[in-house]
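Structures for review follow.
Heads up, the next two complexes both have subunit A, just with different partners, subunit B and then subunit C.
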Partner chain A sequence: MRVHRKAGRLVALTAAVGLLAAACGGEDSGSGDTGSGDGGDPKTFIFGASEDPKTLDAAYVSDGESFRVIFQIYETLVALEPGTTEVVPGLAEEWEISPDGLTYTFHLRDGVTFHDGEPFNAEAVCFNFDRWYNFTGPAQSGDVTYYWQTIFGGFATKEIDSAPDTSRYQSCEATDELTATLTLTEPSSALLAGLVLPAFSIASPKAIEEGGTEIEATGDSFTYSGGFGSEVVAGTGPFQFVSWDRGESLVLERNEDYWGEAPALDEIIFRPIADPTARLQALQAGEIDAYEGVNAADIGAIEGAGDQVVERPAFNVGYVGFNNKLPIFQNPKIRQAIAHALNRQGLLDAAYPEGAVVANQFLPPDQWGYNDSIEGYEYDPDLARQLIEESGETNLTLEFWYPSDVSRPYMPDPQAVYESFAADLQAVGFTIVPKTVPWTPDYLQNIQGDGLGQLHLLGWTGDYADPDNFIGTFFRQDRPEFGFTDPTIQAKLNEALTLTDQAEREPLYEEINQLLYDYIPGVPFVHNQPLLALAGDITGYTPSPVSLEYFKLVDIEG
Partner chain B sequence: MLRFIVRRLLLLVPILLGLSVLLFAWVRALPGGPAQALLGERATPEAVAAIESQLGLDRPLWEQYLQFLGRAVRLDFGASLQTGQPVIDEMLRRFPATIELAVAALLIAVCVGIPLGYLAARRYGTWIDSVAVTGSLLGVTIPIFFLAYLLKYVFSVELGWLPTAGRADPRARAEHPTGFYVLDGIVTGNLDASWDAIQHLILPALALSSIPLAVIVRITRASVLNVVNEDYVRTAEAKGLLPGTITRRHVLKNAMLPVTTVIGLQLGVLLAGAVLTETVFAFAGVGKFMADAIVQRDFPTIQGFILVIAVVYVVINMIVDLVYGLLDPRVRVS
Partner chain C sequence: MSVNEVVAGEPGGPAPATTEAAARPPSSLGREALHRLVRNPMAVVGMVLISIFVLVAIFAPLIAPYSPTDNSWLDQVRPGQYPGPSAEHWLGIDPLGRDVFSRIIYGARQSLLIGVVSLALGAVAGIALGVLAGAFGGWVDTVVMRFVDIMLSVPGLLFAIAVAAMLGQSLTSVMIAIAVVNVPIFARLLRGEMLGQRGADYVLAARSLGISRSAIVFRHVLPNSFTPVIVQGTLTLALAIVEAAGLAFLGLSGSDPSAPEWGRMLTDAQETLTSAPMLAIYPGLAIVLAALGFTLVGESLREALDPKFRR
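For the complex of A and B:
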């Protein structure tokens, strides 16, 4: 007994001394520098992600963290010119669209192989399309296959009530080894822009079949029980999957057989670090090379230490939405009064990083369809007061909703936006009642689901480069958020979606933007530039408006 | 002894039943209910209805509760909404990290706290005592996350001695057969990996140990002060026993009784503190997983976590009582 106790003490003592000694020594810890470039050291790029991907089965995800990893491993038929939203050849070298917009013929790149050694060909392409179209059961949930449903609609057999009734997809045929013909049931103008999304990644049919893609509704939730996307991963991209220790790290290495130009990096590691301050400190300590979601207040500290802050082109819009079905908002003078009462430039100067610009349309300036002739609502409190008087409204009390516990690309600090705008509105005679609830699920449910908002703050970041992705999402259908039912604008938005010729669509969208500007269903106020931090020695990182960045272009200076 | 253990384990049954009712009711009270929480922002009413019937949420409440209970008994809490993997697998994978962290923090708290508390008592009223008392007051009041950022700023960002995040250097690609990273290095003969894991443990363990350390210092100090004024200590001194013998046999042995109880209770504090510490240090344990689960309304994980922690807590308390009995024969008798 006595001996044991002594032994126990000894162990405890040794451990404590060990810990303390470690705390004081360890200058050669190896954790300080990302050790790249010089001599034979591998070039390892470490990205500090905010969370793990959900799965690497691209068809089942729609979130940015999953897409970031998937985008390096897999490729799509059409790709993006880095740093832009321009559609360029990807796995298809060229393509033809039939005059009726129903048939897309893709001529595929020759000599491409999947990471598991399987050949890439038209059969593999159609295998993937057929897989997506034939999803059953829980996979038809809008939460699981959001982008398939956005771009193609429904499935071969509708199995859950929430799935769309019809599908734009008809068939995919391997006409020959390197020609895949995609046939639609109705034309879709957004198809090519949509196909660049990682959700349409072409994966190795063998890997899909061997890994398994089962998805079950167990208990109160979905389980991804298939091995494809977690254990078996094979695309055609510049990097291939090595290992994934959930919560710790996800490792990719260079694909030595890549068909394109060989990437400079040997290895990419994604580390989930949820806390933004912890990401900043990890960058400062040299443990990560990059992270997304830089706080404007940290820019000085990052640049002062020799690291870089880069801006993503603004491909988002933040707006003050009105609930247009309420009587007070059916009075155009009130809508105009609010538009002139808000000091948007003042807000941006005070609460947004440099590079944020005042929005006058619900579409970012880089997106075609943007109407250059619109000048914007002048900040004019006197005019606002006059408009209120002319409106004849006497009850000027409005609930102003904003979300708590969240930072969005278009709205880093919702409370600051609220406070600024509420003061502007009070100054011209409105009585503002603040309403704030947590972002998920309450805020979106209250605003988008139940239409409880009167005034509310919200915004949107583009998924793909098509005007319909912005103003179509907001206004093409009746949505509780805006309570907006203008038949003229809605008819034009529907018409614009069925045309496939961009030259015809562009003027239509410009016209719609003018109509929206005149109607004022809400006041857009910002196109913000989300910020990324990079270590000082990183080169070639090209920020993308749609957040799809090619790590194959990244290098680490020796 | 056996009867005592069995009785304490039986006590778990009503505790867990009560908890299960609370947890079941809580998920049903979420805005929109579980189906809405599951589908999130893009859900239409039709989708919610479809999922409700798919998951059996349209059946009577008592039937749903029995189903929930039946699954919980088999440790089936459903899948985590964050990862789509079974909650129990996620928890088992992450528990070693939290245990490693809690043990390291407890080691620091005990090995620094007891000597410091003892010293403060024996040098009562001197500057050593003042430092110990002020320091422990600071330890209890300073928020863990603030201390964590401070430690990282000094030891990682400025001095570059220790890593800021994670459990291991991801470039090392070490193997982890047990999930206890320090142990894994020894098992696989990769001592560099153990050393790397220890380096990653130090700052989070220091941050996490702040509260237990402070509490142990104060309790030890108070307890030693009590004991040194007891008659039997004066008698021992009068008998001419060596000071070292008095300290070991008479002072420490008796003064440690309340400290033991406190150490046991602090284990609960460590588990709660791990939620913050693991988040700030991106340390992939159950605490961080729980924190993420709360933010993302991952209710299957939250349910599973609470049930498992309740069991752990009751078991720890039982062990503390047992140890107490070993140390103090009077407790055993009663």
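For the complex of A and C:
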């Protein structure tokens, strides 16, 4: 939201003008819709998104804006208990896992149909799994099929260098009409938890085939030119696709044939509004009913106007990462000095919502594997100065990277976090050189791809409830971001992933957290409770720790 | 025009009645202009504003009670609640726990620096182009002036944004961006003035005496063409301060977001506009007053030096 604030402002202005136009033109098109059964006005829930989804082809995306829409249209074999990370039956009513952890038998729900009228059955399930496993070309890029690669690894034929060499996926077999058997090549403790991700949405095979799923790579970006996911969209979920006017609105309507309890809403509209201030204004003007990424400083204004602010559980971590390859960070006193120099509590009190807590490990407290006995490094600038002196380091100049044009769940305002921490570090004797680039694609590429960050701000929001999703992602393999290659910790993380018994895994992760705490490959600073704003008349909106919220539970009062 | 003709007046003293002034014998152009200037209340207000601004900028470390980046008061801040003015913090504390007054004071430094450097760069380049066109005339004049026209055809701030965005995030690029905008203004001004002097009696006299062309240009025409440049320079300084703030507001400024800079303070304040509007008003006021000072002096100078205003 900064440099390029100019760009942000222009976008906001354009969006605002567009909104106005859409609001004026939208009235009559909406009124022609069929109302709900009770004959009243149709209930339309308008969500102010920060951008358009990339595509509604669930297998090709990993970002929150796409997932939010996809999550309402499609369903997965296993689902989430609303508001938790607990795995509950979804399209599969029940399932069995073989003792060796290699075979998953899913018993599917009967009487479910796709939005295009096609029947949902085991064949449709396996069609989707086979499609994912047989992705070719650019679809094998980690930017496109991130979650397939995280949960299942590689593909039938490895076509691009960055794709994983091996796959955990062996086969999917439609044993009978409503039984799908998934076979793996090696056990994976994270599989079931991972299958709740919208990336594993089961789509209508007919829609996939008829729409087409072409994808083109241009440099680092991808164009989803297939009709499936943009024109042809068919899942089994409570809402079905109506229209998508990019940059303006994406409209869904209630699926009258939904197998579960009928949703209260008649219609959902997603409107992209890039600028957070413009989203706040749109809510206050009654143009939207909800948005996420609420600034803690705006809570008073929102609640004062009769609207609501709700918190997501803190299932994330924000951290100051070090590039541990650099000689200065190989000096443990320097790492300790930084940990003691940062006034994390002060920053959280001043700029974060009340529910935000100081992080002392890379895992959020609600995730099993969290080590309760770790107390955390105290804010103690004098001790930090002393540690620097003892370290013997004389060149204390560090580049400190932070992203612009972005708000993250763990970091609503990256520049504020940077400024606060930079002042803390300068107060104990470091010389800080600010470095900032826009979030996508530069920042992630610079930090995660090229490891340019000496110090950098980043974080993670959990995708599913498994400790490996946090610390495994960061430290199981050598990653340029941390330049961290501790063989003991890496071996333990790999061991913990292949074990399937949680009782065995839990102490192992607690031990790993202690080792990471002692080493300090970076300083975690926050587990934030991201805020959502809702119009005053919205009920039933259940915030989810993994940001997957069922709009089928939402209602509008009155 | 002899310096000896100067009437021994009282330069700083109270101005005598205007009728008396009009009755005076003709005095030196410069002296007369100065008289008119100090008698103009607008000019005096402007000069006071400029003096305060410059003194604050120079002596910022002595005036400001704290370092502009010291965030020691972070623990007094809560989201949406920022301590207002108090005995320790005259203008309160910003959302990151820093003293607003100290940041405003140090901000003057940045503004003055950008203003002066960009003015100097722009004026030097512009004057060079103007002299080139004015002295040589002919095709050189045509080429230079068409080039200048092209530069002038792009709106100033837009041009500065484009240049600053191209050069990247740094103070130098901001200075260059603002300087570039000023180049055509000075070039055009000087060239016009020099062309006007071409047929002047003293030029013809110098020519008839056989003085070389370059000597005429540099020793006679150029010094006599400088008056409007000084006026323009003062006005440009005001514009440079506003443009620097504008660029900073749009995110084009030095690479350090913690640096005290009025434009950037304004941008940051925008996020808390509903809860703490004063955080936007302070830097806004500082920008307005500094720019006003230079504008008042510039306009008064123009009046004082313009023969048309002479009584």
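Rule of thumb we're sticking to: the second predicted complex is superposed on the first by the 511 of 558 C-alpha atoms of A that agree within 3 Å, B and C clash if a C-alpha of one lies under 4 Å from a C-alpha of the other, contacts with A are read in each partner's own complex, and residues count from 1 in each chain.
One rule holds in what follows: a contact is a pair of C-beta atoms (placed from the backbone, for glycine too) under 8 Å apart; a residue touches a chain by one contact, two chains touch by 3 or more.
Predicted model only: the values in this text are computed from it and were never measured.
In the superposition on chain A, A:350 makes contact with subunit C only, not with subunit B. After overlaying the two complexes on the shared chain, residue contacts for A:161 are found with subunit B alone; subunit C is out of touch.
When both complexes are overlaid on chain A, the residue A:296 reaches subunit C alone and has no touch with subunit B. Using the contact criterion defined above for the overlaid structures, shared-chain residue A:277 touches subunit B and also reaches subunit C.
In the superposed model, more residues of subunit A are touched by B than by the other of subunit B and subunit C. After overlaying the two complexes on the shared chain, residue contacts for A:442 are found with subunit B alone; subunit C is out of touch. In the overlay built on the shared chain, the residue A:415 is in contact with subunit C alone; subunit B does not reach it.
In the superposition on chain A, A:251 contacts subunit B only, with no contact to subunit C.
Put simply, subunit A uses residues 277 to touch subunit B in one complex and subunit C in the other. Against subunit C, in their complex, subunit A makes its touches with residues 2-6, 9, 277, 295-301, 343, 346-347, 349-353, 404, 413, 415-416, 418-420, 422-424, 426-427, 434-436. Residues 69-71, 74-75, 77-80, 95-98, 161, 169, 249-252, 255-258, 267, 270-272, 274-275 of subunit C are the ones touching subunit A in the complex. Only residues 27, 31-32, 34, 36-44, 46-47, 49-51, 54-55, 57, 71, 76-86, 90, 93-94, 104, 107-108, 110-112, 149, 152-153, 155-157, 160-171, 173, 176, 195-196, 198-202, 205-206, 279-282, 284, 288-289, 291-292, 295-297, 299-300 of subunit B touch subunit A when the two sit together in their complex. Those residues of subunit A whose C-beta lies close enough to touch subunit B in the complex are 12-13, 15-16, 18-19, 22-23, 25-27, 29-32, 35, 44, 46, 51-52, 54-55, 138, 141-143, 146, 160-162, 215, 217-224, 243, 245-249, 251, 267, 269, 271-275, 277-278, 281-282, 284-288, 405, 440-442, 444-445, 448-449.
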